[in-house]
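Two complexes are shown next, each including subunit A; its partner changes from subunit B in the first to subunit C in the second.
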Partner chain A sequence: MEHKELNLLNEALGFHNNNLYGRFVLVEDTVDTTAAFVLHQILKHSFSSHPSSSVIFLALSHPFSHYDRILRKIGCNLAAQRDNKRFFFIDMLMLQFPDEGKPNDVGFAAVFEKIESVIKALPQDNTKFVTIMIDDISFLQVAANGSSNDVLDFLHYCYTLTSEYGCAFVALDHKDIYLNEEKPAIISEMEYLADILVKAEPLATGLAKDVHGQLMVLHKQHGISPVKIHNFHFKIKENSIECFYPGTKI
Partner chain B sequence: MAESICRSLRDGALEGELAPTLTIKDSLASPFSFNVFSHILLQLSSQKSQSHGIVIVALSRSPSFYADFLKNKGVELSSSNKWIHILDCYTDPLGWKDKARKSGNVNVVSDQISLATSSYKSVKDMDKLFLAITDLGRGLVGENKVRFCVAIDSLSKLLRHASLQSVAGLLSNLRSHDQISSIFGLLHSDLHEERATAALEYMSSMVASVEPDHHSSENCLSEKNFTQGKFSVRSKRRNGRVRETSEKFKVEAEGISFASISAEDGTTVAGLLPKVQFNLQLSEKEQIDRAKVVLPFEHQGNGKPIQIYDGRRSLEESSGEGAPISRCKNEDSALGEIIYFRDSDDEMPDSDEDPDDDLDI
Partner chain C sequence: MAATRTRGSSFSRNVSTVTSQNSGLKHGPNGTTFLSSGIPDLDKILGGGYTLGSLVMIMEDAEAPHHMLLLRNFMSQGLIHKHPLLYASASRDPKGFLGTLPAPASAKEDKTRDLTNEKDLRIAWQYKKYFDPQLNISSNNESYLCCTGAQQDYCNDLDLRKPLDRHFYSGMNVGCVSIQDSPDLASLQDQCAKFLSQFSRNEANISSAGRIAIQSFCSPQCKFANMEWHMLSFIRSLKAMARSSNAVVLVSFPPSLLSPSCSKRLQHMADTLLSVRAIPDEDKEMAKLLTGYQDMVGLLNVHKVARLNTQVPVILETTTFSIKLHKRRYLVLECLNQAPVDGSSGSSYNTSGSCSGSTKAGSLDF
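After this line comes the complex of A and B, so read on.
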C-alpha cells in the first residue's frame, strides 16, 4: 500500500519511463516545508534506474555522513556506491571564492571543469546515465559573494551537460529567500530553464499533523508538448514518504 | 494575426528602411514564448520570403534541439544547410569548456548535428557577436543584395551577459544592416527591469506578448488554464500608427494554435446554454406573428382623440381663480369633479404633474 502511494511522486517525476535523463529538474521549497526528501528520492532512484548509472553530487549544505545516514534508512548504501565509483561526492561545504582580485567565474569554471572531467572519465556508454545534483543553489550565491550572474553562468553550463551528454540535472533552491527582490533573477531564470519544476509548499491552512505539505510537479515536455501538472499532499515518515491526493487520506 | 506577423517578417525590409523587428515577450505565468518562436521559425522556413537564409542565434536551446525540432516538423535537413545556420552561443558561451580542452586533460566529443553550426565563445562582446552574425549570414546568401533573417532565441540571456546599451546597440546595428530582412527575438519580461523591456520594445516594430488567460491565484492552476492564454500583438506602422490586436492561443502536442477571440467566445457562450428539451429560440413565423400582436397600451387607432388626465392642464385653467384652489378635470367633467385644496403655498405646483406624461399613449 505504502509502496503504491509513494509512486505518486515517482509517477509525477516520470520515473516509470526513465525520462529524467536529458532533463533539468528544479526543486523549490520554503522554510516551512523543506523538499530535501525529493532529492533523496531521486538519488535513490538514480542508482536503481540503470546498472551503470552514476551520480555526481555537489554538496553545499550537508556533509556526506548526513546523506549516507538518510539514504541508508530508505534503503540505499551511499558508501558502497562511492566505493563502486558510482557516487561522486564533491564536497563544497567550505566553498568561498575570494572577495577581490580574481573574478568568480574562474572559481566556477574550475568547479565545472571538475564535473566535466568526472563525466569524461566514465566509460563512453555510461555518460548517458549520469545525474548531476546540487543540494542548495543559494549557497552557490553565498560562495560567489552574492553575484547572481556568476551563479547563473555556472548553472547554465551544468544545464548544457543535459543536452551534450544526456545527463539529468537536479537542483534545489529556496523560494522564500528571494521574496523581497522585485525581480528575483536566479529563481525565475531557473524556472524558465527547468523541464520539470517541483514546488513544495506548506498547506494554506497551516500546519497539520497528518499532512506535512503539498507538492506541485510541473512537467514541461521540453517546451513543445503541452504541460502536465500533478498536485498532491505528502507526509514525511521515519523511513519513507507518503504521497496522496488531497482528501483521499482519512 | 500570428499569420500577419509572419507575413510582415516574410515581406522583410524595404530598400532604405530598417528591418522589421519582432520581440516576443512572456512571463512565468505563461512561459510559452518559445512555442511562438518555433512557430514563426517554422513559418519562415516553410514559405517563400524575402530572406534567403536564417541565422539562429542559439542561447537557450542547444543546436541539436533545433535539428530535432526541424526534423520532427518535416523540414529536409540535408538541404537546410543552404539556408539555415546556427550560431551556437549555448554550448560554451564563456569559453570555459574551451579553456579546459586547451589545458589538454579533456578530449573533444564530436557531436553529430545535422545542421550547420558555428560555435561562439565570448557572449559578453556584442560587437564581435554582430560580426559573427553578419559573417554567417553572408556565408549563407553571398555578398550581393540577397537578404537573410536573424532569430535570437533569448534576448534575456544577452541582457544578462551584457549591458542594456550594448544589446540595444547590437539590435540597432542588425536592424540597419542592409542584408538583413527581418529580426525576431525572445524576451522574458519578468527577468528585467521595466526600462530594459521598454527599450527593446521601442526598437521593435512589432511586440507580441504571451499573457496568461487565468486570473485566478497560482494555487488552482490547472493544465487546461495553463496551456492557453492571450496572444496580443502591438505593431507599429512606418507612419507611427500603432495597432493592437489580440487572439487566443493554445499549446498542444503538435505545436501552438491560434484562434480569434470572438469566435472562441461564441462557442463558449453556446456551450454555456443549458441543454433543455424545449426550444428557446423563435422560428421566423413565430417572430412575424409576435410582431403583429397589438399590445393593450398602444394606440388603438379608432379615430377618437384620446384625452387623459394631465395635471398641468388643470393648473392653467385655474390660474385665474386664485392660487389655493386648483381644479382637475377629466374628459367628461360633467359627471364629476375633483376639488383639490392645496395644503400650502409652499407646495410646488409641479408636484401634481403626471409622472408618466412623457409616455406616448
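After this line comes the complex of A and C, so read on.
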C-alpha cells in the first residue's frame, strides 16, 4: 500500500508530509453527521506512517469489536496490532468516577498514569510516534459527573504529551452539545489549543445519499503564515472516504 | 431467507447457512442481529429492525403519547417471541401497563386485509401517488410473512384494539419496575445489569435476546429528575452494558423537560434515535399540503439508525413518516405524500419523498 491515494482529507490533515506528530487534532461533529470516520482514517494512517508507530486509544463510546470490524474493512488489523504491542486499547466504556465528596482527579490521574506508563514502556526512539486518541470527550464529562474542570485538567495533561514526547493527540467532541451553554469551557479551550480543527457538518440542504456531509479542516500555522482552511464534501464508504469539492461530484 | 439479507457488503459473513433457530431474530449486515420493533413498516425503514446491543431512544412529544405506541408494540412483539422483558416506568403500577399491550392479529383478519389491499391496487395502481404507498410495503410484507407460518413470524401485525393474552406476560421472564419512588438510579441500574447479564454475548451462538423498555425516563415524577448528570451516566452505562449483551434497550424521554445540552447528549448516546410528534387536529394549511392528512395520528422522525460495526451512515430516502392506524387497529407508517399541486409530474413517488423532506424543515421542524 505504498501508493497512497491522496484524497482531500489526507491532504488537508497534512498526511503527505507526515506531520501529525507533536500536534493536537480536534474533531467536532453533530448529531446528524458523525465524524468518527475521521478518527478511523487517522488511526489507519498512524499505523502505516511509521514502522514503529503506536496508538493509545481511550474508548468511551464503542467497544473494541466495533473498531476492529471497521478498521479491518479499511485495511488495518487492530487485533494484530494489539498483539504486536502497537495498539493499546483502554476500555473506558463502563468507567464512572465516584460521586461528589471525593475528588475526581484521582480517577483521571489513574487514567493518565496508565497512558504515561504505556509511553514510557516503549523503546526510547518510538515515543515520538505515539498517537493518543479519545473517541468522545463529552463522555469524559459524564463519567466525571459533569465536572468540566476535571476533564479540562485531564485533557491539558494529555495535551502536554504532545510537547513532552512529540505525540499526536486526537480527540473527538460533539459541537452541538455546547451550543446552548453560557460558558462552554471544554470546547472553547480545546478549540483554542488545537493545531488542526476538523469540523463535520450536515449539508445545509439536508441529508443526501451521495453527499454525507461537509468537512472543514482548519490548519493553525505557527508563525505569521495565515490559517489554512480546506472545505470539502465527503461520502463515507465501507473501505474508504470519498472527498470532493462542492459541486464536482458527477 | 432471502428477505433477511439486507445490503451485504463483501466482507459480511454469508449468513444464509447459519440462520438462528429462535424466532424473532434476523441476521443483518456486519455481524449484527436484528429483532423486530413490532411494527412491520418500522422494521423495513430501519433495515430489518432494532440491532441487538443497541440503545434506541425515542424523543417524546410532551403533548401526545405517541411514544407509547412504539413502546407497546416493541414490548408486545418481544413477549410473543418469548423474549425476556424488563419494563420500567414512572407510574405507580407498571405491571398494569402490560394489560394494554396489543395482541397479534388472527390469521383470518390478515386475509381480509390482504384482499382489500388487492382491490385497491387494482382500481388505482396508476394513481398510486394519490393513494398510500403503504399498499406496496404491506403487500410485500405479507408475501414473506406467509412463507414462515402464522405464529413464528419475525414481526406480527399487532392489533391495537385487542389486549394481549395474560399467559404471555404472566411468566417469570417479565420484570416490572417503578422508578417513581426510588431516590436515585442505582437500583434501576442494578436491575438492568442483572437482567442484561443473562444475555452476555459470546460469539458462537445467540441463545436468547432480551428487551428493556424504559418509559418517560426523565419525567418529573421521578425524584432524580433534576440530577441530569446522574441520568446521563445511567444511560451511558446502560448503553455500554447493552453493547456487550444480546439485548435491545428502548428508552423514551421528554426532551422538552431537559436542558438543551443534556438532551443533545442523550441524542448523541442513542444508537437509533426516533422522535414522535402529534399533529394539530385542524390545521387547514397542512391538510391542503399533505394527502391523507385526516387519517394521520402523528409523525415519526427517524434521526439516526444504529451503525454498529460500520462507519457508513444509513441515509434514508425520507426521515419523516406519518403514523396511521389501518382499520383503526394496525399501526402503519407512511412517507409523507404531498398533495399534487398541478398533477403534471409523472414520477411522483421519489420526488414527493424529497419534497416532504424540505417541507419538513419549514413547518414540521423537530
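We adopt the following convention: the second predicted complex is superposed on the first by the 239 of 250 C-alpha atoms of A that agree within 3 Å, B and C clash if a C-alpha of one lies under 4 Å from a C-alpha of the other, contacts with A are read in each partner's own complex, and residues count from 1 in each chain.
Following the convention adopted for this analysis, contacts are C-beta pairs under 8 Å (C-beta built on N, C-alpha and C of every residue); 3 or more make two chains touch, one makes a residue touch a chain.
The shown structure was predicted, so the numbers you read here are calculated from the model rather than taken from an experiment.
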item	value
Touched partner set for A:K237, first subunit B, second subunit C, both or neither	second
Which superposed partner A:K228 touches (first subunit B, second subunit C, both, neither)	first
Which superposed partner A:E189 touches (first subunit B, second subunit C, both, neither)	first
Partner chain in contact with A:S117 - subunit B first, subunit C second, else both or neither	first
Partner chain in contact with A:A143 - subunit B first, subunit C second, else both or neither	second
First (subunit B), second (subunit C), both or neither touched by A:L179	second
Common ground on subunit A, meaning residues reached by subunit C in one complex and by subunit B in the other	none
Of all residues in subunit C, those that touch subunit A in their complex	9, 11, 30-31, 228-230, 232-233, 236-237, 240-241, 243-244, 259-261, 264-265, 267-268, 273, 303-304, 307-313, 315-317, 319, 357-358, 361
Footprint of subunit C on subunit A - complex, ascending	31-34, 36-37, 40, 62-63, 65-66, 69-70, 72-73, 93-94, 96, 138-139, 142-143, 145-146, 174, 176-181, 205-209, 212, 236-238
Residue numbers on subunit A that touch subunit B, as the complex places them	105, 109, 112-113, 116-117, 120, 149, 152-153, 156-157, 160, 163-164, 183, 185, 188-189, 191-193, 204, 216, 220, 222-229
For the subunit B and subunit A complex, residues of the former touching the latter	28, 31, 34-35, 38, 60-62, 64-65, 69, 90-94, 96-97, 99-100, 105-107, 109, 111, 156, 160, 188, 190-193, 219, 221-223, 226-227, 251-253, 255
